[in-house]
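The following blocks contain the structures, represented as structure tokens.
Both complexes shown next keep chain A, but they swap its partner, so chain B is in the first and chain C is in the second.
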Partner chain A sequence: MTTAPPFQFPSTYSFPPFFTPQPNSATRTSQLQKWSSLVQSWCRHHRIYRLTLSDAIESPLFYNSALRKRLSMKDARDVLDWMAKSEEEGGGGQRAEWIDGNSKTVARIWWKRPEEWAGIVADWVENTGQKNVVLTVYELIEGEGAMSQEWHGMDTDVMLKSLNVLVKRGKAQVFGGEGQEGVKFF
Partner chain B sequence: MFFKPLDLTTALRPALLPDETLLFVQDAVGLYEGKYKIPNYQNGHAYLTSHRVCYVAVEEPRKYSVGIDLKEVDRAEYQAGFLKSSPKITLYPKPPKSTLSKSKSAGASPSRGQSPSISASRPQIQPTPPKPINATWVCPICSFSNPVPSNFDPSTATVSTPIPPCLACGIKPPLATLLKAVITATANREGPATQTNPTLPGTEGSAPAKGPGIVPYPDKAQVSCPRCTFVNHPSLAECEICGASLVATGALKSTKIGSYRAESPAPVFAHNSIKSTEITDCMKLSFRAGGIQIFHERLKGALIQRKWLLYDAPPVPQQPSQSNSMPSPGLTVTSPAIGSVPSPSRSPGVGIAGLEQRGLQARKNNELVIGNAFEDLEALMASAKQVMALAASMRDSGMTSGDVSGEANAVLLESAETMGMVTTKDMLGSGAGSLYISELSRNLAEYLTDDRKGLLNKEGGIISLIDLWAIFNRSRNGVELVSPLDFQKAAELWETLRLPVRLRQFKSGLFVVQRWDWSDEETLRKIQGWMAELRQVPPTEPISWDWRQFGRAVTAQEAAQRFGWSVGVAAEELEMAEDKGVLCREEGIEGLRFWANFLSDAPVVGDLGLSRIALDEVDRPI
Partner chain C sequence: MATRRGVGIGAFANRNQTSQSYANHGATLRSAHLASLQTQLSVFQSLLHTFAIEHGSKIKSNPTFRAEFARMCNAIGVDPLAGSNVKGKNSRKGQGENASFWTQIMGGDMNDFYFEVAVRVVELCRETRSENGGLIGVEECRKRVGKGKAIGSGLEVTDDDVLRAVKSLEPLGSGLAIIRVGSKQYIRSVPKELNTDQSTVLEVIQVLGYVSISMLRVNLKWEEARAQTVVDDLLADGLVWLDAQGEENEYWSPQNLLDDSG
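Right after this comes the complex of A and B.
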């Protein structure tokens, strides 16, 4: 993973006004969409599932050293807030979620929504003929069979959330206790 | 007396002649010809100027506006309102008593501008060489009527001019008394001249049947003495009571009407417009919303002052005696009877000496004019015309020599010209607050759209209301200043009065003034053009973004410089463009700067759209 090509920033990233909150609402929405996309692709590239804000604003994500422009903590939080809102509320479609509630310092970034993950996992299970087989969640995430898969090394919480989607659809069953979860696909 | 067509300014007010001043304005006025209302002329503004009474209708002012020259008005009568009838002022024309005009109106066809009559009356208007003025002045001490010395010239007279003492009591009169007497006499001066005119060849054609002897005396009319108002028998040449000459008054009337005929436009309007129609009996102004007292008062004043005589008077001759009286400068002022003495030929100046001499002469002349003007206020009024001309020439020379404070000077000097045009509160009735505002509004519109000043163009087509207020008040020379509240109210009226300027408020609350056809789209187009231009120009210093794609940032100062706006206006226009999504902002340590909007996808061409790429990447399965 460390040998992966460096992240390609979009052209807007080197556009100075990108780092200033725009007062015009239409422009602002467009700006937030671009930020949302940037955060998602950044996290996808680096396989980041939870973003710690204090670290992130020092990272190239929120700090363009060439332009010497950065998003302030407040602005970055605004971006994530917007991402956390559903589209009906005028937000970015719940692509982020605050993990620590109101203090808003760490966020989970859904560069794929749990539903999307669930679909991918279910497809993989079907394709590899593992229906009605009991797998542990650890196996699913770190196992050799899933080595080439996108969710490899995924946060356990994220995986469990995704599996819960399948459970609700009646396609899987999760059992076992804390840290020992197993899953059976139907 | 005729209804004359009016020239209206851009703000739909009557265009004033040079030297004409506005005296009073009243709204809700209707016109009557004789006893009858004139259709379409029943609701308008009446403008009283020093030369005319003008009527401008509220609806379709360009179509329904007329003026009447005060010089054709014999008298004005006040008629109080009664029950439903509004108070009125009746204007009686000077009676067309002379046989000259009678023969024309009776015999000739209705079209008045016939070529023979023009050629016939032209010689009459030509200025006759100044003759010794047959004027008298009344001694303020003993009230004896003294003759004005024949060598007295009002245009050159100063306090230092020797004035003969009163013949009865031996006290010297003040200069003002003499000046007034001469000005009054100037009115009568052309009388005797015209009297001799019918004998000239060429005028015979117009009045062939009448001998020159009958001309001055109308048939039955009695002549009232101009000095003591005693009504004399028409055949008397001098007043029975005071001995003043009566010939001049009788002849004057015929002159006025005769000369007027020549200049009235020939074609009668085809449609039922009253323009250029003659008022035979009388015409009335009906004041439906008050203001009649002041109007009447000022009208009377204007009829007595007869400012148009000053305008009609021949231009003040130059001082020809100066070039050769240079060696003895003490004699320069006492140049008597300029007209009668043939002006000595100017010594031909050659080379630098000639130039110097001419410069010296011009300076002397200016000194004299200024000296004359400020010695006495009365004299200032008399020589106002010269001073205006001098101020204008000074301004012009100042402009050409490219001085530093040229702009400020120009504004100040131009104020002299605008003084005649301003509406002041005392020109309007006391209860007419809204009229004052609307007149001020028109006044402002004229001031702004005046091509001579080109105020709006100089400011890039847009000027903030505060700046305009300051400039406008400065041009009033510190008198009759307009309060900010009135000013704003007047500016707000532009829209309703359909004047060619508009008040506009930016989001921040800043008021600006711009032309009515000025639009945001125009501004946006200009800004976009500028932004496109910036994408072509390589930056002077290395930058970390792609200037071919993004161009560079602009500040309000740069925009102000480029478009000629003031900085405040530029900032507002940029924010307006931002509001429309054309620009976006960058806040940095250098302050607020604006960029072409590459954040929004829709209107901007050339942006590849980050979100689209990113989403594609995300969705692509690995």
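Right after this comes the complex of A and C.
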């Protein structure tokens, strides 16, 4: 957590029924959408790439201490499950992904999808004239050059997934062993 | 004497003549009257026109001013909407009667203004239908339209503008209607009638923020079954949200949810 300005909760957060799963399915969908965007903006604000459920339900994200309302473990999991589904399946467009498979305790939150990250990184490379230059992934994440970039300090996994998108498009090449990956942009 | 009394054949001719000249005179008077009225009307219209052109941008941008202008038009018996519903935008100039009054005066801008508001209202109703069950307060609607979605797209409007805009959609069979619950007006975008009990409960929620079954039983002296049925119906229609984390289930209106979801 950073010392940046405090997170601004949307007004939904102070709406008590927000913390109870709604019995009406249309209302429920609307509720899940609101939760999804709240989780994403929370994670973006705090630069969280992986969310541990047991911690999260005690954090202000899922626990509104002013109202004394909270999402239970199950409800929070339902929210993330919904986020993990694609829109075709009636979900939130794969904005979350369980890291530990079926035990569902830690989730990666894609407040930007890998494709979006890929686009941003590619633009940055283009704009800073680093095409055809070899960079290490560590440099890319922690380096001074990318200090002001949004992905600074990002999870290596997330970065690699995003770079993979570029690789598939033939716009980058990743090489080297685990922990020492290098990348070259075309 | 003879002529005055009108005895004899000549009298008929005389009487004919008299009524003829009366009719003539009447016609002259009428046409004079008509001409002067027409002059007045055209003077008035041109004044209104000048006024509208001079203050056109102000009318569009300043809600208070616009409301006053609309009120003035109402006072002198000009209904801007009755005028603007005439499909006349492309047939102006030359065929003055076909072009709508409002179009003539404002060059179509005023039509466009209300239609623009109407479009936003419809958009908003559609967007929020899943969260509020198709019932949105006129006031909330106005605030949201005022904010706009993109930067600088806010339209400063009054409740009156919103009501007018909704009214302007009526000829299209838009399915939007204004209903009144308690002291508040709502735009209803789903074909659904509220029964008296449901309206009552919504009214109570307006005042207290939420209701519970026991509150309804105590305050309205309702049987538990009656209270439960009404609340369940409202819940099924998505008009209230359930909070099950209190001591007793509470039912809240989603109306004040609208501030965000951007």
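Observations on the structure shown:
Operating definition for what follows: the second predicted complex is superposed on the first by the 185 of 186 C-alpha atoms of A that agree within 3 Å, B and C clash if a C-alpha of one lies under 4 Å from a C-alpha of the other, contacts with A are read in each partner's own complex, and residues count from 1 in each chain.
By definition in this document, a residue touches a chain if its C-beta (ideal position, glycine included) is under 8 Å from a C-beta of that chain, and two chains touch if they have at least 3 such contacts.
Since this is a predicted model, take the numbers as computed values, not measurements.
Partners chain B and chain C clash in the overlay (superposition on chain A).
Shared-chain residue A:K34: touches chain B and chain C both.
Between chain B and chain C, B contacts the larger number of chain A residues. Once the two complexes are laid over each other on the shared chain, residue contacts for A:F15 go to chain B and to chain C alike. In the superposition on chain A, A:A26 contacts both chain B and chain C. After overlaying the two complexes on the shared chain, residue contacts for A:Q94 are found with neither chain B nor chain C. When both structures are laid over each other on chain A, chain B collides with chain C only at 131-139; the other stretches in 113-121, 131-139 or 149-157 stay clear.
The intersection of chain A residues touching chain B with those touching chain C, taken from the two complexes, comprises 10-12, 15-20, 22-24, 26-27, 30-31, 34, 37, 69.
Those residues of chain B that touch chain A in the complex are listed here as 544-546, 549-550, 553, 578-579, 581, 584-588, 593, 595, 597-601, 607-608, 610-611, 613-615, 617-618, 621-622.
Touching chain C in their complex are the following residues of chain A: 10-12, 15-20, 22-24, 26-27, 29-31, 34, 37, 68-70. Interface residues of chain A, counted against chain B in their complex, comprise 10-20, 22-24, 26-27, 30-31, 33-34, 36-38, 40-41, 44, 66-67, 69, 111-112, 120, 150.
Only residues 129-131, 133, 210, 235-238, 241-246, 250-252, 254, 256-257, 259-261 of chain C touch chain A when the two sit together in their complex.
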